[in-house]
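These are the structures, in structure tokens.
Each of the next two complexes has chain A plus one other chain: chain B in the first, chain C in the second.
Right, the complex of A and B next:
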């Protein structure tokens, strides 16, 4: 199967899954969980752009997620402009923050960039908790109104799902297109060898900054959806642990692959469900997952499966050549 | 023949070590200028200065008459300066075709067009059948050809080839030399850094010998080969 066809099939399967899911899992609670899956999908798809495609380990995604959530929440709660505008302002604002963070920090390499991104995430997290007059501080932001766009009120989890699912799907499809474009190829090339990419004409820093900014926009949109889904924003989901969890889940599911964020979103959903009553052991579980990801599945689940399929295909392609070589040897002998 | 690349009086030091001392050379369009010299003479540093991987302390690099000394590597590539590396610098995780497609990034063409050009470049180097293989699965000799093919997709006017024949068996090195000669016939100017002296003498129109960061000799191959200073410093009696 060609790569393009594989992408189309993957997207078709995801679209079908998103269409069927609210009917298969009926009820407000289940629909709320499905909205959560879509939010996670947006978050992980965005993170995949900078981690999987550009090869830069970022720990700022949870901070951008929070920035989007608070942007939407504050604009909505304070009735600054129409409510729908806050849904656009959230990704725009988070993208701007990502741009400002990325402009200096993406000049750093490897772990230094990761540390800088961690710093940005921590500063944002502290801001959410301490700018009490703006964010409500540790008690959270109350008074977020119902989301209304063009007369449609998103007042049930199912209605929110029909907003979140197309956004998550569009985000995934766009990321898939981007990864296969010359920009995506160039970013993947620069992740493998920055000097070789530079002498091939790739503006490495600009491409990474664009992808980091875009990953911020994805996180911001996820934040807006989270705000209007729960009607409340508090700092807790946007801290260091959330950033690490996102990174671990993406690595384990398959960074750099189209399907990785989808598997990751389902994995996060599973984690949330399994650990709903045992939140204390959550760091332990994430830690174990991290070890598994690093030791057993460095390419992630999806990456390992595609590598195995590719190896099998290459062996199949090599077989006729081997036969010919053997025949030639026999003739020569 | 017009001057495609000019290096004028380039100086470069790392800490207290003077690596390049007033190096000047010219590469003319459609010709090969070979840069030879013992290990540590400053050849790769000069390649890095010319390609924009490092900035010189002083001196000028001109591409087609334009001063590109202060430009970053990717802007030089966009202006027609290509380069391969002494140690393989391939994009692991990408296929052979994807590797060479990246070489055409600066052309601004859609991926489908770049793929067609990439396949043509792979054919030129005789490795089109490997297009869908991941580069990390290639044998060394095959992998060594991916870099020049990648460079070619970017339609360079000048190519810096840093030891392209290193590690290749003699017949593959000869084939490579023929391919380089063919590229020159198409108008490409080549700055060839190579230790394979017979290949250099056979291929080069001009030879520049670098020793301890300074130009020891600069002239046609026959003249340089006969230069006693070059024999003493680098060639030895065997290659002269």
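Right, the complex of A and C next:
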């Protein structure tokens, strides 16, 4: 299967899944969970751009997610501008923050970039909890209104789903296109060997900055959806643990692949469902899963499967040559 | 003036803990080139188990401190087992990521075992307050500073005069060469993590004597200790001590004169400023990779 055909087939399967899901899982509670899957899909697709495509490990995604959630929440609660505008302001604001963070941090490489992204993420998280007059502090932000766009009120989880699902799908499709485009290729080349890419004329820094900014926009959009889905924002879901969880799930499912974020969003969903009754065990499961992922599946589930398929294909193609080799051996013997 | 003195002492108390944690980061970084994110959790494990030991068994304080330092060292050795041996790839990147996973797991186990309870230790010399220039300060500040002096001094002697310490320095300098002369990278990693655990445990005991500690207090503390290590220059021992006290003092002064709500941000603001302007820190120990 050619790469382009694989992309199209993957996207078609995801689209079909998103279309069928709300009918297969009917009910307000189930629809709410599905909105959650779409939000996680956006978060992971965005994270995949900087981690999977550009090869720069970021721990700032949870902070950008929170920035989007609070931007939408504060604009909505204070009734600054129309409500629909706050949904656009969230990704724009988070992208701007990502740009400001990325401009100095992406000058650093490897672990040093990760550390800078971690610092920025922690600063954002602390601000959510401490800027009480703006965010409501640890008690959370109250008074988020119902989302209304052009006369349509998104007052049920199903309505929110029909907003979130197309956005998540568009996000995935765009990321898929971008990863296969010349910019995506250039970013991959730079991840594989930075000097080689730079010598070949790839503007490494600018491409990474663009991908990081974009990952912020995805997180911001996810934040706005989360805010209007739950009608409430508190700092807790945007901390260090959330940043680590996102990275774990992406690593485990397959960073750098189109299907990775999809598998990851389902994995998070499964994790949430499985551990719904046992909140205290969740961090333990995430921690152990992470260690196992790093040990056994350095390329994630999707990467491991495609590796195995490639290996099988290569074995099949290699067979005739093996035969000639044995023949030559027989002759020389 | 009394304000300043009081804030300075509280800055020294926490700064000493940051200095110990930063020293631990430095040791591990030199031994493995990795950053040990489970570090803060050792501090937590030590602090909580010190409090628990004191509450259950009523052991003398010196024994409690000695026991938790051993516990910390064991945590360090566990980290080496899990993050280097189990993961089977000893590139620093993978080890660093693995320590994040281990840190999350350690914290989760502590959460389950302690059921969110908080523990305290009495001050090392009772609840003595010292009166200095009109300010009443907790004597624990001096104990914590003494811990740093002992740890830093002990390390300096160990790394120069003890054969094992010299081998560790050799390995930090050129791991291949040291391995060729019989001190493997595995051994360097195991010893580095073990020493780091003991250092972090001393910090944990010192902090439990100041305020109650629970399963949750290690993560932020570890990250602040990392900021301190970066400020001093990752891998530099004097840098770690200077960075730790500098962050502790800045934080205390900021919380006294500017805002206590935002004081936690100081360490991370410093981290970002250091990374963006002088990634090698004050005492440059390593070459930083830049584009």
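Convention: the second predicted complex is superposed on the first by the 316 of 333 C-alpha atoms of A that agree within 3 Å, B and C clash if a C-alpha of one lies under 4 Å from a C-alpha of the other, contacts with A are read in each partner's own complex, and residues count from 1 in each chain.
The rule is short, and it goes like this: a residue touches a chain if its C-beta (ideal position, glycine included) is under 8 Å from a C-beta of that chain, and two chains touch if they have at least 3 such contacts.
Everything quoted here is computed from the prediction, not taken from an experiment.
S.K.: Is A:4 contacted by the first partner chain B, the second partner chain C, both or neither?
M.R.: After superposing on A, A:4 lies clear of both chain B and chain C.
S.K.: Kindly classify A:195 by the partners it touches after superposition: chain B alone (first), chain C alone (second), both, or neither?
M.R.: first
S.K.: Please work out whether A:288 is in contact with chain B alone, chain C alone, both, or neither, and reply first, second, both or neither.
M.R.: In the superposed model, A:288 contacts chain C only, not chain B.
S.K.: Quick check for you: in the superposed arrangement, does A:309 touch first (chain B), second (chain C), both or neither?
M.R.: Neither partner.
S.K.: Which of the two, chain B or chain C, is in touch with more residues of chain A?
M.R.: Ranking chain B and chain C by residues of chain A touched puts C first.
S.K.: Given the touch rule stated above, what does A:115 touch, chain B (first), chain C (second), both, or neither?
M.R.: In the superposition, A:115 touches chain C alone.
S.K.: So, A:186: does it touch chain B (first), chain C (second), both, or neither?
M.R.: Touch partner of A:186: chain B, not chain C.
S.K.: Which partner does A:204 reach: the first (chain B), the second (chain C), both, or neither?
M.R.: Both partners, chain B and chain C.
S.K.: Just which bits of chain A does chain B share with chain C as contact spots?
M.R.: 204.
S.K.: Spell out the residues on chain A that touch chain B in their complex, using ranges where they run on.
M.R.: 180-182, 185-186, 188-189, 191-193, 195-204, 256, 310, 314, 317
S.K.: Can you tell me which positions in chain B touch chain A when the two form their complex?
M.R.: Going by the criterion above, the answer is residues 51-53, 72-74, 76-78, 81-83, 85, 89-94, 98-99, 101-107, 109-111, 114, 132-134, 137, 147, 150-151, 154.
S.K.: Going by the contact rule at the top, pick out the chain A residues touching chain C in the complex.
M.R.: 57, 104-112, 114-116, 118-120, 122-123, 126-127, 130, 132, 194, 204-205, 240-241, 244, 248, 251, 280-284, 286-291, 293-295, 298
S.K.: Considering the complex alone, what residue numbers of chain C touch chain A?
M.R.: Answer in residue numbers: 35, 82-83, 86-89, 92-94, 96-98, 100-109, 111-112, 219-220, 223, 226-227, 230, 261-262, 264-265, 268-269, 271-272, 275-276, 279, 288-291.
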